[in-house]
Amino acid sequence: METVGFIGLGIMGLPMCRNLLRAGYAVVVHDVAPAAVAAAVAAGAVAAGSSSAVAARCDTVIAMLPNSPHVRAALLGPDGVAAGARPGALVIDMSSIDPTVSREVGAALAGAGLRFLDAPVSGGEPKAVDGTLAIMVGGAALDFAAALPLLRRLGGTIVHCGDVGAGNVAKLANQIIVGLNLAAVAEALALVARAGVDPATVLAAIRGGAAGSAILEAKASQMLAGDMRPGFRVDLHHKDLANALAAGRALGAPLPLTAQVLELFQAARAAGLGDADHSAIARVYAQLAGAGAGAGTED
Amino acid sequence: METVGFIGLGIMGLPMCRNLLRAGYAVVVHDVAPAAVAAAVAAGAVAAGSSSAVAARCDTVIAMLPNSPHVRAALLGPDGVAAGARPGALVIDMSSIDPTVSREVGAALAGAGLRFLDAPVSGGEPKAVDGTLAIMVGGAALDFAAALPLLRRLGGTIVHCGDVGAGNVAKLANQIIVGLNLAAVAEALALVARAGVDPATVLAAIRGGAAGSAILEAKASQMLAGDMRPGFRVDLHHKDLANALAAGRALGAPLPLTAQVLELFQAARAAGLGDADHSAIARVYAQLAGAGAGAGTED
Amino acid sequence: METVGFIGLGIMGLPMCRNLLRAGYAVVVHDVAPAAVAAAVAAGAVAAGSSSAVAARCDTVIAMLPNSPHVRAALLGPDGVAAGARPGALVIDMSSIDPTVSREVGAALAGAGLRFLDAPVSGGEPKAVDGTLAIMVGGAALDFAAALPLLRRLGGTIVHCGDVGAGNVAKLANQIIVGLNLAAVAEALALVARAGVDPATVLAAIRGGAAGSAILEAKASQMLAGDMRPGFRVDLHHKDLANALAAGRALGAPLPLTAQVLELFQAARAAGLGDADHSAIARVYAQLAGAGAGAGTED
Amino acid sequence: METVGFIGLGIMGLPMCRNLLRAGYAVVVHDVAPAAVAAAVAAGAVAAGSSSAVAARCDTVIAMLPNSPHVRAALLGPDGVAAGARPGALVIDMSSIDPTVSREVGAALAGAGLRFLDAPVSGGEPKAVDGTLAIMVGGAALDFAAALPLLRRLGGTIVHCGDVGAGNVAKLANQIIVGLNLAAVAEALALVARAGVDPATVLAAIRGGAAGSAILEAKASQMLAGDMRPGFRVDLHHKDLANALAAGRALGAPLPLTAQVLELFQAARAAGLGDADHSAIARVYAQLAGAGAGAGTED
């Protein structure tokens, strides 16, 4: 069966790599963390010493990295994929990054005779483990078709959103909406709590109507309980919104509310909640409403 | 059958009044607009010359008025309900107003030996006509129980949210979330459009996940089509958010994102869109992104 | 010498009243607080039992009240100035209120055959005591001319800004700029402090250039010292900005940054700083940056 | 006399370079634009083929570049200063960049045995020509002392603000305050204009008091006249505020109002005003208040 390269074996990358191995692919891996490489090798992968060495050994290379600079370095840097890739190889970047960087990377790889898809995911570690991620893909239709059998081992919903960069545009649109819907629930509950009304009763009254949302269903009770376990971490959502604003600046799209929500996540981080679930934004409201740093929950 | 008073026969009040008549109630009505009174009389209601005259003729009085000052005047003013009410009468204010005014009015009526519920509704004219409004009620449990048979003629979902004012607190929580969820979709689509990606494809990719919401389902395609027909008008949502901020100020709850969305609705009104559907907030984003006043849609 | 009416003997009104007495005017006063009336009487004023009773005894009536509703009640209410005023009397409202209310009150008084100026002041208690307030006046040129000798006993700089309401428009423009300039200094210093750089050195480097402002000169060192003594209180600035936003809504002017600063002042009030100097907005930044409720200063 | 290197000969760099030549320094220059190099050579400079070639020929190297990535490349890149520098050379970066990048660059140069100052300037092209820039310097006291004679040929006010990075921290604090003070004036004038009051009269009434600022003096009349000539360009202020937000994110300082002003500058750029004076932010307010894209001024 086909050999696939996999660069970046973090919380998301490692289980994705395992799913490919389980499906029968031969996988050549690289990561800066030796322990992560060891875990992948223990699952059947073969280690290579650099991103370019990975690329030298396969026709399809997946990257799953923290942010734009890591992607730029791993794909275009001195020991990067482009430096070692086989002619016409397909590079699939599944990291969540600024789409203007995806386009820049895609153009550079095209200039080197390589094909490129940006294919960020949604769903977090549990869906990475289950192989049921939502995958939003940008790139040429032929490349999307070529990648589809592989992506089906990793995700449940796989949508071709447009040209290179469209995957990350869709991901950022998702993160903007999720961030604002979260803040909406936190802000409304802050008013309810301050008015001395029972938040759970209000939620029961409104959840079935126009205020209903996946976030309200998933996170409102977690906010009320003061449950901080992730879920999706504040630091990651903060990173995504910073990418959205960077893209907005590059593309000329003012994003005034996203800019405010980012600052609220910034305040959550400053309060030591970077590793907490992003619903911890409710704590910032509690702080603004005078509950003080020691308050257990926002009500 | 019981006689009920009804004050305020606007777009919402008139069909609600008709539903009570249809259910067999005798209804005594008042409105400042003679045409509205004539329409109610044509449906079987009896006209009275003032709010106090309405109150003099029944044990239950409903008010359905535009905003806090109208409620204060109609219930507590010189010719208001309190001036003419029977001892122990039940006053049900179904207007959407600042809950701190509901509490003030409720306290004044209690001082005059009257009972009070605030019971704002959600669902707009179609559900007022159908008698399927969502009704959020604040007040004593006994008063809620007493009002329930009547409210069932007007609404589908009827929730007792807490003491007097809790109905409007719930309504404002709803409007905050709806307003922010709307802005979230508009802001995300502005980025998508500016990136040259097809918004419909992105919506298809994300609607089933964490970004999903009732507003995304109901309004995103309306935004994309540039369809301005209400629905729920910008002016009314603007009014509700102003009430939320007034309540936030009175109660000590900072509402930074609501404050921003209000200014976006303000810009929509300044652009002549006060009567448009609230999804017209997407036009403000188009304007900010340089599309100019003449642009048909946000993409 | 002429008899002048004076309604509202608070922190500002009482010293202003004393300045008129000192200048030789006979002054008839009213206030809801008996102690304030007693203090004015001790200084030589004559007490009247209501605003209408004040108006009945003089051709010029000054009001100096907390906010729009008090002005409406004192001038147009049942026992208000309009109910007792002599034909053609001149009413000067020196309160800081929503200019759309000034216009409404001015129109109502004109309908009753009375003349009206709105003449809010700036400078606080010290300048009220010294008689050196800045006074911004709206109304007809003839009425301004008629009021000028009297206003010269109260203020140093007296500017005729336009028709009725223009005085409060100017005052709100002033308060918007002051509020944002304050927040600008607090926000910049928060970044400097977080970067571990000495704020005093930075201030010394930039104060002489484009960043220079009266607020930077007056308040930056107070922020750095954590000195909370007013000065101008958070609650009053909050009130003025709420009036600015109400006026913006009535007039169709979006004020997005004012809306944000108001929420920061709201957070300051929620933290128990309503009576502190408005430079206490720096504490909100300290709180957002994770310093916690107990931090003494923002650095 | 001493030989000095100068990298970056743009609108600011070229006149600064000429001032050094005029003062008798020998200057070795580099720029990516041949025309800029030619202009410097015409004034007496000597051209070198790369940043590293510049560094090889002198003990002090100045950089004056657009933004963080250019500085990183010119100082640390393959043909950069570090690659060619003499042992113990002093590198002075006078670009306005993110101070966290200054610190990163300073640490890298220190690791290569080089000394580093960040020394951004304020005052624009006119003061670059006159040699009267304000210079904010970060770095070791000994290095500051060594650079002072050179800096005195370029600037009027030269302040040592702290360790490496402190120069850009001071510069960003300056730009935050200037940006917010500008928006404050624009927002206040938008309310005044919408109220139908003469803005010039209001400005006359308030400029001498707490609302007074260097920006109000320099820019309010330019806003009223609709005069777009720079001055300081929207694009550059936008860049600086983006750096401030990046620094805020890196350092954990929430900057909510800066985030909003950036989005207003973003809207100005989207309206085609990137090259206009930053006072063009008043146009965004005119647009938000419904004046439409064709309006000449904000009133």
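By letter and in written order, the chains are A, B, C and D; residue numbering begins at 1 in each of them.
Keep in mind that, in the parts below, a residue touches a chain if its C-beta (ideal position, glycine included) is under 8 Å from a C-beta of that chain, and two chains touch if they have at least 3 such contacts.
All figures in this text were calculated on a predicted structure; none of them were measured in a lab.
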Rotation, 0 to 180 degrees and nearest 5, that superposes chain A on copy chain D via CA atoms: 180
B-D or C-D, whichever has more C-beta pairs in contact: C-D
Averaged-CA centre spacing for the pair chain D and chain A, given as whole angstrom: 35
Intercentroid distance (Cα basis), chain D paired with chain B, Å: 50
Inter-centroid spacing, chain D versus chain C (mean Cα positions, whole Å): 38
Where chain D touches two or more other chains, by residue: 248, 252-256, 260, 263-264, 266-267, 270, 288-290
Topology of the chain contact graph, where touching chains are joined (line, ring, star, complete, other): complete
List of chain C residues in touch with chain A within their complex: 256, 260, 263, 266-267, 270-272, 284, 287-290, 292-294
Complex interface listing, chain C residues touching chain D: 99, 122-123, 134, 136, 138, 157, 159-163, 165-166, 169-170, 172-174, 176-181, 183-185, 187-198, 201-202, 204-206, 208-216, 218, 244, 247-248, 251-258, 260-261, 264, 285, 288-290
Contact set on chain D toward chain A in their complex: 238, 242, 245, 248-249, 252-256, 259-260, 262-264, 266-267, 269-270
